[in-house]
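First subunit A sits with subunit B, and in the next complex the same chain sits with subunit C.
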Partner chain A sequence: MATKIGIPRVLLYYKFFSFWKVFFEELRLEVVPSDETNREILKDSVNISVDEVCVPVKLIYGHTLNLRDKVDFLFIPRVISTEKRFTNCPKLLGLPDMVKESIDHLPTIIDTTIDYNRESLYKSMFKLGLRFTKNPFKINRAFEQAKRSSENHKGMEKTKLLNNNQQEGIKIAVLGHPYNIYDRFINGDLLQRLKRLNINVVTMDMVSKKILNRSIDSISRWIYWNYEREIYNSFYYFIKKVDGVINVISFSCGPDSLVGELLLRDAKRYEFPFLQLVIDEHTSETGIVTRLEAFVDMIKRKHKQRK
Partner chain B sequence: MKAYLGVDIGSISTNIAIISEDAEVIESLYIRTLGQPIKAVQDGLRKISGMLTNNVEIIGVGTTGSARRLIGVMLNADLIKNEIIAHAVGAIHFYPDVQTVLEIGGQDSKIIIIRQGIVTDFAMNTVCAAGTGSFLDHQAQRLNIPIEEFGDFALRANSKVNIAGRCTVFAESDMIHKAQLGVGISEIINGLCEAIVRNYLNNVGKGKEILPPVIFQGGVAANKGVKRAFEKELGYEVIVPKYYDVMGAIGVAILAREEVKGKNTNFPGFEVSDIEFRTRSFECGGCPNNCEVIETLRENKVIDRYGDRCGKWEVL
Partner chain C sequence: MGNNWVAFKGLLETLGAQVIVPPRITKRTIDLGVKYSPEFVCFPFKVNIGNFIEALEAGADTLVMVGGTGGTCRFGFYNIVQKRILDDLGYKFDMIVFRDDNFWEILFKKFRKIGEDSSISKIIKAFRVLWWKAKVISEIEDLVRFNRAYEKRIGEADRVLEKALMMLDEQKKVKEIKEVRSEIKNLFKHIPKDLKKKPLRIGIIGEVYVRSEPYVNLDIEKELGKMGVLVDQKMSVYKWLKVILRIDLERAWTARRARPYLKVNAGAEDQQSIGHTIKYAKAGTDGVIMLYPFSCMPENIARGILPNVSRRYKIPILTFSLDEQTGKTGMITRLEAFVDLLNRKRRR
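Moving on, here comes the complex of A and B:
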């Protein structure tokens, strides 16, 4: 029986899963992601976690419990930076420690440090690979395959979203951390709801890396949080191309609240339809539905009256 | 006479408006929901149909408010619309040049920014319902003052008292504390009105460009103290429209008029008040989500189901 490695379906899972999956599978491991977030996982998470962190971070606990008895290893990397000069939120840095201190009887945790400021991804992954094989060629191959697959995966997501869109109709860009926009449970099934309202949805996955990484001239200090910088740049990319922008942020997320405020002000300056949705574990679906419907109606009525 | 029916079912009040084909208000009604939306709507319809002359024929129905779906299904409404658009349409109808709508209802409050007759931005209160109608209700009860007179008390205040309005729990203990110090009741109520306005502008109205004409609607607009506090804080005249408490219902009736153009309404008539409707709920148990599914029944026949995330119960 193959050795099983579990990957909690939280946070950077939504960005790097296809890379991690192929890498481990090439090393002859069976990859087991946790179930999609559900009420039980959320309940466990809130019970174990401290109150102060945002709900996506809280979810690591429930998803870890969901995997605990099913796998031999748990992959919870310490992702400090995935872009040179930029950094991630401190909670992502402490993630493996937070889990280890809070849950007993865990399988072995693989807490590889990924920090582009100190060493390349290849080097970090190579060290990780050595835990499972002594053959350097095998690790090389796994790394190359993983890289290729994650590039393909990104392309696939993009076409999937684009194919779903009709030519006509309103186009709305949904911004925010991938773990906020793709976890259907915590955002009240936002993307699906928009589609049901006949909205063409675009996301940050459709923005090229070059644009995501470009420097920001409009503010004097750069945004050194990696993902918030991407959100900010996407906003400026989309502003002339879509009919409205929805920014999904988690309650109590520091960087989000700061960048959210910047976007709010800019949207006002450009008189651009902008909706900020704040989500937490108490978020009621009614609240999300009413806001979405009103936002979509607002744009539709605007178009109608212009005609 | 042909007419349109609009029903706005909120957490605290149920508002019904009947408008003519030229969007003139024929009758309107404001009653308490008392936690039973179906009963409130049935009672309300019975009452308002009694107020109408015999020749009124309903040719379109719209519902809005937090129970819009439940009541929409019950009335077979032609249109079910969120309360933000309904309130905006109501305000624009009476004041075509309106630029800001302040709305404070029983459990939520919203701000709607309108430019050239088009909604350009809006916000609703998020995690906290501090300073909405039900809190004022609670305080009026505690002080043994009829809620209708609450505003008059505030207007009689001679001096300024600061009440912490960030959170109702703190506001209440602050009010009690000030009363124990010997501060007059009018001053305390006025302080509370000002605190509610401050809290509203800092939360719901944060970052919004509030320009005149400013329309203040929703149940709390009846409170003269809150109106005056808004005027003081904003520096503009704040207009409370004649139908301030049923603007959402009027708005959704106007929207229903747009919707049914050339079509026949599905509304079964006021007899709907005598049909038995009930709801029941169960936990699905099909997956760890344990969604609470709610069923609406019309004379023991299921006519609607919702609450499930996956959609498997939506098929009747």
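Moving on, here comes the complex of A and C:
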């Protein structure tokens, strides 16, 4: 039987899963992601976690419990940065430690440090690979395959979303961390709901990396959180191209509380339709639906007036 | 930052600026800050905004913000959002931001312009005054903590504290500061004390700002002193100056101690909090109180790890998450319960 490695379906899972999956599978490991977030997982998470962190971070506890008895290894990387000169939110830095100290009887946790400021991704993944095989060529190939597949995956996601869109109708950009946008449970199935309202959705995944990482003005130059800068830049990229922007942030998210405030103030300045959707573990679907419908109605009315 | 206005006033006066000591933080400061700040930003940001607005109302034209870009915590990004908020409110001002890379530039270019004399020796002199005043203040604070626990009449130590700060504030030269320092020590010596007492010892850990600003932490040290507790606190502006100049070796040791629990320093004081807890436990301190602003990212990591440390080293920990909604009565109730618990634990 193959060794099983579990990956909790939280946080950076939504960005790097295809990469990790192929990498581990090439090393002859069986990859087991945790179940999609459900009520039980959320309940477990809230019970264990510190009460003040944001929901996505809380969820790691529930997903870890979900995997605990199924796997031999748990992959919870310490992702310090995924871009040079940038860092991630401190909670991602302390993630493996927090899990280790809060849950008993865990399988071995693999807490590879990924820090582009110190060493390249290749080097960190190579070190990780050495834990499972002694053959350097195998690791090398796994890395190449993983890289290719993650690029393919990105392209597929993009076309999938674009195929959903019709030519006409309102276009709304949904901005925020991938784990807030794609976790259907905690955001009340936001993307599907928008689709049902006949709205074309665009997300940050459709913006090229070059645009996401440039420094467009004096402020974006100083944003040192990788993903916040992407959100900030894509806001400015979308502002001329879409009819409205929905910014999904989780309550008590540190970086978003500041960058979100800047976006809010900018949207007000340009009189641009902007909805800031704050989610936490108590958010009800009805609340989200009401706000979405009101927002869409407002944009539609604006359209009519223009005609 | 608490009593340390004396030190910074010393610095700026020696530089030749006219200093208006801002009124201590009041309810109005916090109301203003809360009104104009983002909803769930951490508490120091809100207090900061309130401070800045009150300073601008009083006629200040330059705001100094220490700390910009660097680390992972929100603090480094404060200045940009604060500037935006104050700009939107229509204030005209100049903001000096200390960044990692422009420290010396600001020191020698901007600070030299203050006042008439613009020699480098003036700057050195000013910083010597800051250094010494900060040092004396940290000594005074330690003395106050000690005296609060042992004094016969409650409140005596705080009266001497006020007097000592006034005395220190009047001094302009390093030599005079040194003289006043021994005078102050004498003052504290003459407070009638009951040295047979064996007070509880409690260490305070957590985020730096809320630890050193009495209005924000609801004067927790004084309240504990009233209950006859000997408080220990490892942070002061003097210590912090040492950290900036990278000559604080103790900090590295504390971080080392925390490493088995938290591998990297995720910003602010998280490793320090864990390390100090272990240190206190080994030194036989009765309990630890942790203070941090609501939703502070690094301290929440530490908080997630501390229960385990507490179990392993058998040291009780009480945490306070502070923001504009924290009530004093609630805090005192919790403190009394905690002190009772520690007393019972000791008797056993």
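In the analysis below, the second predicted complex is superposed on the first by the 303 of 307 C-alpha atoms of A that agree within 3 Å, B and C clash if a C-alpha of one lies under 4 Å from a C-alpha of the other, contacts with A are read in each partner's own complex, and residues count from 1 in each chain.
As a working rule, contacts are C-beta pairs under 8 Å (C-beta built on N, C-alpha and C of every residue); 3 or more make two chains touch, one makes a residue touch a chain.
Remember, it's a predicted structure, so these values are computed and weren't measured experimentally.
Participant: Overlaying the two complexes on subunit A, which is it for subunit B and subunit C: clash or fit?
Facilitator: Partners fit side by side after overlay.
Participant: Under the stated touch criterion, which partner chain does A:Gly260 make contact with: subunit B (first), subunit C (second), both, or neither?
Facilitator: second
Participant: So, A:Gly94: does it touch subunit B (first), subunit C (second), both, or neither?
Facilitator: second
Participant: Now for A:Glu40: first (subunit B), second (subunit C), both, or neither, which partner does it touch?
Facilitator: In the superposed model, A:Glu40 contacts subunit B only, not subunit C.
Participant: Which angle, to the nearest 10 degrees, do you get at the Cα centre of subunit A between the Cα centres of subunit B and subunit C?
Facilitator: An angle of 80 degrees, rounded.
Participant: Considering only touches as defined above, state whether A:Pro136 meets subunit B (first), subunit C (second), both or neither.
Facilitator: Neither partner.
Participant: Quick check for you: in the superposed arrangement, does A:Phe251 touch first (subunit B), second (subunit C), both or neither?
Facilitator: Both partners, subunit B and subunit C.
Participant: Per the contact definition in the header, classify A:Glu293: touching subunit B only (first), subunit C only (second), both, or neither.
Facilitator: A:Glu293 contacts subunit B only, not subunit C.
Participant: Check whether A:Arg78 is in contact with subunit B, with subunit C, with both or with neither, and answer first, second, both or neither.
Facilitator: A:Arg78 sits against subunit C, while subunit B stays out of touch.
Participant: For A:Ser102, select first, second, both or neither according to whether it touches subunit B, subunit C, the two together, or no partner.
Facilitator: A:Ser102 contacts subunit C only, not subunit B.
Participant: If you take every C-alpha pair with one atom in subunit B and one in subunit C, what is the shortest distance in Å after superposing?
Facilitator: Closest C-alpha pair between subunit B and subunit C: 5 Å.
Participant: Under the contact definition given at the top, report the residues of subunit A touching subunit B in one complex and subunit C in the other.
Facilitator: On subunit A, the overlap between the subunit B and subunit C contacts is residues 251, 265, 278.
Participant: If we count contacts the way the header does, which residues on subunit C are in touch with subunit A in the complex?
Facilitator: Contacts found on subunit C: 38-42, 68-74, 76-78, 80-81, 84-85, 88, 261-264, 266-268, 270, 294-295, 297-298, 300-301, 303-305, 307-309, 321.
Participant: Per the contact definition, I'd like the list of subunit A residues that touch subunit C in the complex.
Facilitator: Residues of subunit A touching subunit C: 49-50, 52-53, 78, 80, 87-91, 93-94, 96-98, 101-102, 111, 113, 219, 222-225, 251-255, 257-262, 265, 278.
Participant: Can you check the complex and tell me which residues of subunit A touch subunit B?
Facilitator: Subunit A residues touching subunit B: 35, 38-41, 184-185, 189, 251, 264-265, 268, 271, 273-274, 278, 280, 282, 286-287, 289-291, 293-295, 297-298, 301-302, 305.
Participant: Quick check: in the complex, which residue numbers of subunit B touch subunit A?
Facilitator: It comes out as residues 66, 81-85, 117-122, 124, 126-127, 207, 209, 287-290, 309.
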